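Below you'll find the structure I mean.
A, B, C and D are the chain letters, set down in written order, and residue numbers restart from 1 in every chain.
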Amino acid sequence: MNATNMLFLDILLVIALLSLAWATLTATDARRSVILFIAFGLVLTLAWARLLAPDVALAEAAIGAGLSGALLLAAVQHHPRRALSSERQNTGKLANEKQNDSNPADLKSSVAIRWTLTLFCIALAFVLIWALLQALSSETSDTLAQSVSANLANSGVSNPVTAVLLNFRAYDTLLELAVLLTAVLGIFALSEQRTGYLPAGPVFNGLVSWLVPALILMAGYLLWVGAHAPGGAFQAGATLAAAGVILRLAGKRNIGLPVSKSYLNIILVIGSGLFLLVGLTMLALGRPFLDYPPAMAGYLILLIETAAMISIAATLILAFLGGRPRNREDRSC
Amino acid sequence: MLTAHWLYGLSGCLIMTFGLRAVLLNDSLLQRIIALNVMGTGVFMILITIAYRGPDAAPDPIPHALVLTGIVVAVSATALALTLIRRLTEEQDND
Amino acid sequence: MIEVIAATLMLSGLIFFLCGSIGLLRLPDLYSRLHALTKADNLGLGLLLAGLALYQRDLLFALKLILIWLAVLAASSASAYLIAQYSRRQDTDR
Amino acid sequence: MIDTLIWLVALPLASALATQLLPRYATAIVISTAIATSINAAALLYAVATHGVMLYQIGGWTAGLGIALRADGLSALLLMMAAIVLLASSIYASAYFNDNPLRRRFWPLWLLLWCSLNALLLSGDLFNLYVTLELLGLSAVALASLGGKTAALQAALRYLLVGLLGSMLFLAGVTLIYAGYGTLDLATLSRVVAAGPIAWSALALMTVGLLLKTALFPLHFWLPPAHGSAPAPVSAVLSALVVKATFYLVMRLWLDIFSEVVTPQAASIPGVLGAAAVLWGSWQALRAERLKLLAAYSTVAQLGYLFLFFPLLQALPAGAARDAAMGGLVILALTHGLAKSGLFLAIGIIQQRSGHDTIRDLDGTAQRLPATTFAIALSGIALIGLPPSGAFLGKWHLLAAAFSAGQWLWVVVIMIGTLLAAAYTFRVLGHAFGQQPYPRHPVTIAAEEWPALILSAFATIGLGLAGAPVWQLLKVSL
């Protein structure tokens, strides 16, 4: 594609993104906001692909637009009226709970505050753009990207993004799995899962019966291919979770998660647990934490990613269920 | 500096500030959470833009990895926030 | 010659897309909108992909495109059915 | 020996997973982890004092390509304080949640919080800091909402949204840094950063994000409800450690990495906001009707004192006077951490025993719970800053720095704040010592009362009388 065509595409994408973002944020109805947000995520996927970030594009499609969208849609679906209610109304219920502090919700109604904050945001936008243009036009040294490619051979994988995620900056990824675990434990502490959906009719069942195996196959492929091409544990885990979400929507019970509490705990913990175990094993072998021997690195990374995929998928499905699984079987609502 | 840097960098900044404004001013809890996600997307866009090195050069993989981490962290936080909202509305219905 | 055929196919695909979008915006109720959207877009996508496959002249690439088309067909017909069914259930409840 | 650094993160994380898998043995796992991590923190403190700055390169990659953990005097001291507070609070929590079914939900999140605190204090990488901030924020929110009713959930939700906004602003700053300097490593950054639009706007974004999480006035609105409605051990840790962790980052950025970039005008902003926080927080604490809210507002005020140091440290030239002021700042932060956690634990006992924490109805508490009342009195001494508490030393050096920098305005603020702190402490004690003949054993619930007492005593006597090593340790800096 020549430069003019590319420019045309860029302008089109940017305009679509900006107007979708604006429409998402200014929609008066929460449901409309959610749908626009999903559309925004899908267009964003194109932009990432255009900027040569296919790993991110995959993740955005599966997690950013896909699962976040499903979570948000489920939230408006189950509380259509309340989800729309403002925080101001909610705090109104707490009139007996006397708060000495000035409530920011009261302030928000004032026009002056609205305008001050808007002007502040405009100013911030200018400052951001100014600083960013300064940064982009200054000739920054490319040392980090160079040292990534210089060390790629020792990392055990040939996809540089996977190398950064699971080798050079593996510690970030370990903590990120801990973040996922924290979120799901917080969700467990808060509530039980929602009641299920109606059992699906024949058409939907037909779709499910070939879509779910296809998604599982695709997850396995994404996991394996992540070593040398776009893909990896997060995209694969999100794809598996999507299969779970579809099963859930079709009214299937248990959606592939174990019923026993201790098996479920193992599935949730295995991602961060195995990662940590590999790291500590290196320590026991007299190497630094998470310093894989180059000959083993490829296998260890695949092992870690497989465990991570399982935990990620389980976490995302449980987030969609909205709480710890009930002991009783689902009754449809 | 490439044209793509201009276009996408600028829109990243704008999307982030749009999001910030909505986080500060929107009344609906759900829409605030969406706004936080949009704001995050703006930041991710800036990161992906600075990773871009032109159509023929390999992009810097580090920002890509950072954005992947950021996306997962964002979905975790969104899930927790949505469950909190749900639990809150249940409690209020019980009151 | 092949390029002309490819271009014609793609262009006609785009026309179908245009019709589908106009239908989505202009038609009065949900069922007719669904009708316009899924029928016209599925055909439009098929033509567009056929054009692209011809343009590239690569068998593996063409196979991938066909796979994409089939996946979209299945997904869009199933989801159109589900949307319509949901809407009909809402209507009869009322 | 250098593995101490990674074990400080890995052990709490491993135990968090273990408590999730084996809830039956959770208490034993937590207590042994707490003891081991405290010993680890002490070992790190010793190592920093004897060998200087500690560095650990994860995965064996050089910092920049990989992520490095670093510890200097400041981070080692804060890690030690976190370990002491968390060890005491863990013992307390094992009694507090004794037969509560929430226990099995509580322990894994508690250890994840500890893991994130240690990871944050040790991290030497900007993006890794963002991940630790999110881990800290999510675990803190999950703990604060534990078993809560409407008010607690509402507070937790607002806490979560504010936290997410804060970390997103922080991440925006990190992005600008990477765009401008091509590095995320803190040590490299402090060498290459230069005054200019990139550094200024990145610092501004990161600081606003962190101040939102540190609850500096006027960004403190979320703190009193969140800290006031969480379970007692959680409140203790939120007030003593979680806001301190983000404060530590502000300190690290302003006084260390960006110290060349910060101008006197910029440094006076946190000073002014800190002054407002001291006055507003103390005043609200004086007016609070519930003990927990009083403690939470007192946290707002005490954080204000810490920010008063910023313009002074900026104005003082490097040398003995600045080092002394720096030590004062750290010792004030440490004292507040210990005292406030002791206070929240003690309040938790009162709340459990009498079913409420309304200050007006505290009469007779001194007779019923003498050890607890003593703990409140001791932490009160530390909050006011009376000798021999560590806060006395801290404020002394704050005043000295204000005099030598010729910035007299801060002196007035410190005086008023101290008077208000005295007023709200004596208001509580006045009610607690109200006449009601009801003599009992001095200590009634050992596992809950001893931790509170020890923390408060540490704040008042330990840090005050044996604070000298703090200055020694702070000489070891990155």
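The definition used in the following text is that contacts are C-beta pairs under 8 Å (C-beta built on N, C-alpha and C of every residue); 3 or more make two chains touch, one makes a residue touch a chain.
Remember, it's a predicted structure, so these values are computed and weren't measured experimentally.
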Item to check | Top chain pair, ranked by how many C-beta pairs fall in contact | outcome: A-B
Checklist entry - For chain C and chain D, what's the span in angstrom between their mean Cα positions? => result 58
Next on the checklist: Between chain A and chain B, what distance separates the C-alpha centroids? Give it in angstrom.
Outcome noted: 10
Item to check | Separation of mean Cα positions, chain C and chain A [Å, integer] | outcome: 29
Checklist outcome for this item: chain B touches at least 2 other chains through residues 16, 20, 29, 33, 46, 50, 62, 69, 73, 76-77, 80, 84-85, 87-88, 92, 95
Checklist outcome for this item: Touching at least 2 other chains, the residues of chain D are 127, 131, 134, 138, 141-142, 145, 150, 154, 172, 176, 179
Checklist entry - Line, ring, star, complete or other: which one describes how these chains touch? => result other
Next on the checklist: Show me, using the given definition of touch, all chain pairs that touch one another.
Outcome noted: A-B, A-C, A-D, B-D
Next on the checklist: Could you list, by residue number, the parts of chain A that touch chain D in their complex?
Outcome noted: 90-91, 93-94, 97-104, 127-128, 130-132, 134-136, 138, 140-144, 147-148, 151, 167-172, 174-176, 178-179, 181-183, 185-186, 188-190, 262, 265-266, 268-269, 272-273, 276, 279-280, 283, 287-292
Checklist outcome for this item: chain B partner, complex, touching residues on chain D are 127, 130-131, 134, 137-138, 141-142, 145, 149-150, 153-154, 156-157, 160-161, 164-165, 168, 171-172, 175-176, 178-179, 184
Next on the checklist: For a test of understanding, state which residues of chain A touch chain B in their complex under the given definition.
Outcome noted: 6-7, 10-11, 14, 17-18, 21-22, 24-27, 30, 33-34, 37, 40-41, 44, 47-48, 51-53, 55-56, 59-60, 63-64, 67-68, 71-72, 74-76, 78-79, 82-88, 90, 93, 105, 108, 114, 117-118, 121-122, 124-125, 128-129, 132-133, 135-137, 142, 144-145, 148-149, 160-161, 163-165, 169, 172-173, 176, 179-180, 182-184, 186-187, 190-191, 194, 232, 234, 312, 315-316, 319, 322-323
Item to check | Complex contact set, residues of chain C against chain A | outcome: 74-75, 78, 81-82, 85
Item to check | chain B residues within the chain D interface of the complex | outcome: 16, 20, 23, 29, 32-33, 36, 39-40, 43, 46-47, 50, 62-63, 66, 69-70, 73, 76-77, 80-81, 84-85, 87-88, 91-92, 95
